[in-house]
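Listed below are the structures to be examined.
What follows is chain A paired twice: with chain B in the first complex and chain C in the second.
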Partner chain A sequence: MSIIQCTNLTKDYGNAKALSDLSFTIEENTITGLIGRNGAGKTTLLKTIAGFIKNTSGEISVLGKNPFDCLDVSANTFFADDNMAFPVELTLSELLEEISNFYPNWDVSLAKGLFEYFGLNPKQYHAGLSKGQKSTFNMIVALSSHSALTIFDEPTTGMDASVRKDFYRALLKDYIQYPRTIILSSHLLSEIEDILENILLLKNGTKVLQMPVENLKEMAIGLRGDINSINMLTNGKEIIHTEKINGNHILVVVKNDFTETALQQANVLGVEILQVSADDLCVYLTAKSQGGIDDVFNRAKLI
Partner chain B sequence: MNFNTDSMKPIYIQISEWLENQILNDSIAEDEKMYSQYQLAEMYNINPATAGKGLTILLNQNILYKKRGLGMFVSPQAKELIFKKRKNETLRRLVLELITEANRLNLSEDELFQLIKSIKKEYEGE
Partner chain C sequence: MMYLIEPNSFNILKKQYFFKLKTNFGLIFNLILFQIFAIFLSLVVKMTSSSFGMDELTFYVSSFSGNIVIGFTLIWACTVPAILTNSKIRNIDFTFVSNRFTSNISNIGLLITLSLFGSVTACLSSNLIRVLFYFISNPKSIVNEGFFVSPQYILISIISTTLYIILVMSILYFLGLLKQLTKVFIILFFAIAVAIILGFKLFSSTINFTLIDLINKVFNFYKGESSLVVFAVKVLLTALVFFSGATLISSKLEVRR
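Let's look at the complex of A and B:
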């Protein structure tokens, strides 16, 4: 069953289109990674799903209803980001107590366990926490709510490497015990790809692709070698990215529909076959322009 | 436990190979219950769907079988199937490498066969 359905979803901010004709569905009890560069529309999409902002046109359905101003959706959704506002006069332990009243599936022991594990001080106030501690507290609340739909917008902002690792492990373990729908947005795909089931890649408010992470990892390969050999091998193929290495050597990332024999032939021609990480592939697929950062410097030299 | 994430092999393939090894070294005997996708997900810190994909490979190759409501179990002929599969795969890969190198050296097919025959003779003569 799909829990989120969007059809031609569009959101305008004045003249700027944050989301443009976006259509996709998200199945119940899956973990989806929302990936895209700065300004791709990730936060706008998540806030639209959570019902915080109203779409300009198109259709959106969350748990069977339009989420905007909808109490039903709101009661079953948790949206966590680093702008969460909590009452300033309550301590962390009082906050946990109060928040638990809003969520019928609240997991007291998980909240307590995580709170102690991460060494938060119950008598402290939210405003007094460091950036990383705020993110940690928000994560504890979001996980413990056991909401049918839990949305994390850049959840690891400010967390150190070890807390981030613990967070993803906690998320996965709790998801296995209490399957529910989770959406995570992040810049660091390499950090989250193992715990994801699906990936939704955005560029300029539109969908680039949506597929299982494992398929994405097998989608493309890199070929590195002599320009003539590579042109011959990639003739008629869908080229995703080209990079000049030096002289006649280039690296081409191409859609992988090669047969084993074709790859063997590449080997004979002295062309190296490389695996393309999901992270790199997403960067290539959402490149703003042809070429890379090197071209900026090469151009500067010419001037 | 950690998998080599730089490896060319997708994680679900690595999972299925690890399970095959568990069967080969008798860690899991025939007709014994296989790990569930959730156990594997927790062991390897991966999404249960990815772990499930690794199990499905073995199910489709009859190395595992399903008992309704109980999960997956190791087939009685599992070891035999794994041996057979690996023989085919390994030999095929070696032959491919051989052909690649022969082509690089402009060796004709006849010359290649001659070479194989003479080496086989030498080996068996010893």
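Let's look at the complex of A and C:
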């Protein structure tokens, strides 16, 4: 059963399109990573799924309903980001108690355990927490709610490296124990790729790809070597990224549909075959323009 | 699969209402500060003071009343909807389970509860003022008339004060959400107000009806009502119009940004 279904989903802010013609489905009990650069539309999409934002056109269905302003969706969804508003009058422990009233699936022992593990002070107020501590507290609440759909928008903002690691581990362990649908957004895929099953890559509000992380890792290879040999090898192939190394040497990232013999031929021509990490591939796929940051400096030198 | 929760609006409303009662304790604290200040003011400032004398005898008559406290409670009532309609406070609802309907209704429930609380404390404080006055002045010089208040009188004043507070709060709740919708409406609102004032200034002589007359008419519609029941119906209907308007406006807003 698919939990989220979008067809031609579009959201305009005035003249700017935050999402345009986005179509995808997310199956239940999966962890999906929503990846994209700043301004790709990740937050807009997540807020639309959570029912906070109304789409301009297209269809969206979450748990079989249009999520906008829908109580059924709200009761089964937890949306965690660093703009979550909490009442200033309650201490953290009082907050946990109050929040638990809203969620029948609330896991008291998990909340208590994580709260103690991360060393939060129960008598403190949410407004007095540091950025990383706020993210930690929001994460504890989101995990403990055991909502059928849990959405994390950039959950690790401000967390230090060890807390991040612990967070991902806690997320995975709790997910295995209580399978549910989780969406994580991040611009750092390398950090979360180990816990993800699927990936949804966005660029300028459109879908670049949606596939299992395993497939993404094998989707492309890098070829490094002489420009002529590489041109010969990649003739008619889908080139994702080209980078000048020096002189006649270039690095080309290309879709991996090479036959065994073609790869052997590459070896004979002295072309190195490189693995492309999922993280790098996403960066190449969502590049705003040809070339990289180096070209900006190279061009500047020429002028 | 996590089992899906089928929320019941009434149940969520109840949870939200009690959550708001707990988390808006600061509002009650503000009210108490306003009222303590007003009680102090009532004792210091003599509402109406007059003296008259004949030959060697001169009387000084000072009367005290709890009206200052009710006035300050109404000022406090103006601040409450402004706080509740602030986007930061509205967002708290949507951190948890909510939709705009439950959010608005639980806000209205909170406003009515606070009206009742403000009214009861304001009306009873007039008794406190009497007791304090009894101790700080010479009891023998207190004129008995009006010193003891009957429970019926207190009950009536509690009900009518509650209704006044609800009226004020409903109007301001409406305006607070209007402000959230777009700043253009605030400008429009003032433009209409200025147009009405200017219109009356220009044409009052020809239509023989001034702005003051209009304001008096509006005030008299409520204040001039002698039957408590009719007054209650008038106020509650007005509040219903403003609260419905507010709910309508909030449906034009994004749920949460």
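By definition in this document, the second predicted complex is superposed on the first by the 303 of 303 C-alpha atoms of A that agree within 3 Å, B and C clash if a C-alpha of one lies under 4 Å from a C-alpha of the other, contacts with A are read in each partner's own complex, and residues count from 1 in each chain.
Throughout what follows, a residue touches a chain if its C-beta (ideal position, glycine included) is under 8 Å from a C-beta of that chain, and two chains touch if they have at least 3 such contacts.
Just so you know, these numbers come straight off a predicted model, no measurement behind them.
Undergrad: Do chain B and chain C fit side by side on chain A in the superposed arrangement, or is it a clash?
TA: Fit - chain B and chain C, as placed by superposing on chain A, sit side by side.
Undergrad: A:T30 in the overlay: touching chain B, chain C, both, or neither? Say first, second, both or neither.
TA: In the superposed model, A:T30 contacts chain B only, not chain C.
Undergrad: Looking at A:C70, would you say it contacts chain B, chain C, both, or neither? Reply first, second, both or neither.
TA: second
Undergrad: With both complexes superposed on chain A, which partner does A:P212 reach: first (chain B), second (chain C), both or neither?
TA: first
Undergrad: So, A:T234: does it touch chain B (first), chain C (second), both, or neither?
TA: In the superposed model, A:T234 contacts neither chain B nor chain C.
Undergrad: Using the superposed model, determine the angle chain B, chain A, chain C defined by their C-alpha centres, to the nearest 10 degrees.
TA: 150
Undergrad: Tell me which partner A:Y178 touches in the superposition: chain B (first), chain C (second), both or neither.
TA: In the superposed model, A:Y178 contacts chain C only, not chain B.
Undergrad: After lining up the shared chain so the two structures overlap, which partner does A:D194 touch, if you call chain B first and chain C second: first, second, both or neither?
TA: After superposition on chain A, A:D194 lies in contact with chain B alone.
Undergrad: Does the superposition put A:Q264 against chain B (first), chain C (second), both, or neither?
TA: The first partner, chain B, only.
Undergrad: In the superposed model, does chain B or chain C contact more residues of chain A?
TA: The partner making contact with more of chain A's residues is C.
Undergrad: Contacts for A:T43 in the overlay, against chain B (first) and chain C (second): which applies, first, second, both or neither?
TA: Neither partner.
Undergrad: What does the superposition give for the shortest Cα distance from chain B to chain C, in Å?
TA: So the smallest C-alpha gap separating chain B from chain C comes to 15 Å.
Undergrad: Residue overlap on chain A between the chain B contact set and the chain C contact set?
TA: Dual-contact residues (chain A): none.
Undergrad: Which residues of chain C touch chain A once you look at their complex with the stated criterion?
TA: Those residues of chain C that touch chain A are 1-7, 9, 12, 15, 19, 22-26, 88-89, 91-92, 94-102, 251, 254-257.
Undergrad: Using the touch rule from the top, collect the residues of chain A that touch chain B in their complex.
TA: My answer: residues 30-31, 168-169, 172-173, 176, 194-197, 212-214, 217-218, 260, 264, 267-268, 275.
Undergrad: What does chain B use to touch chain A in their complex?
TA: 5-6, 8, 10-12, 38, 41-42, 44-50, 53, 96, 99-100, 103-104
Undergrad: Which stretch or stretches of chain A touch chain C in the complex?
TA: Those residues of chain A that touch chain C are 28-29, 47, 51-54, 63, 68-72, 74-76, 83-90, 98-99, 101-105, 146-148, 178-180.
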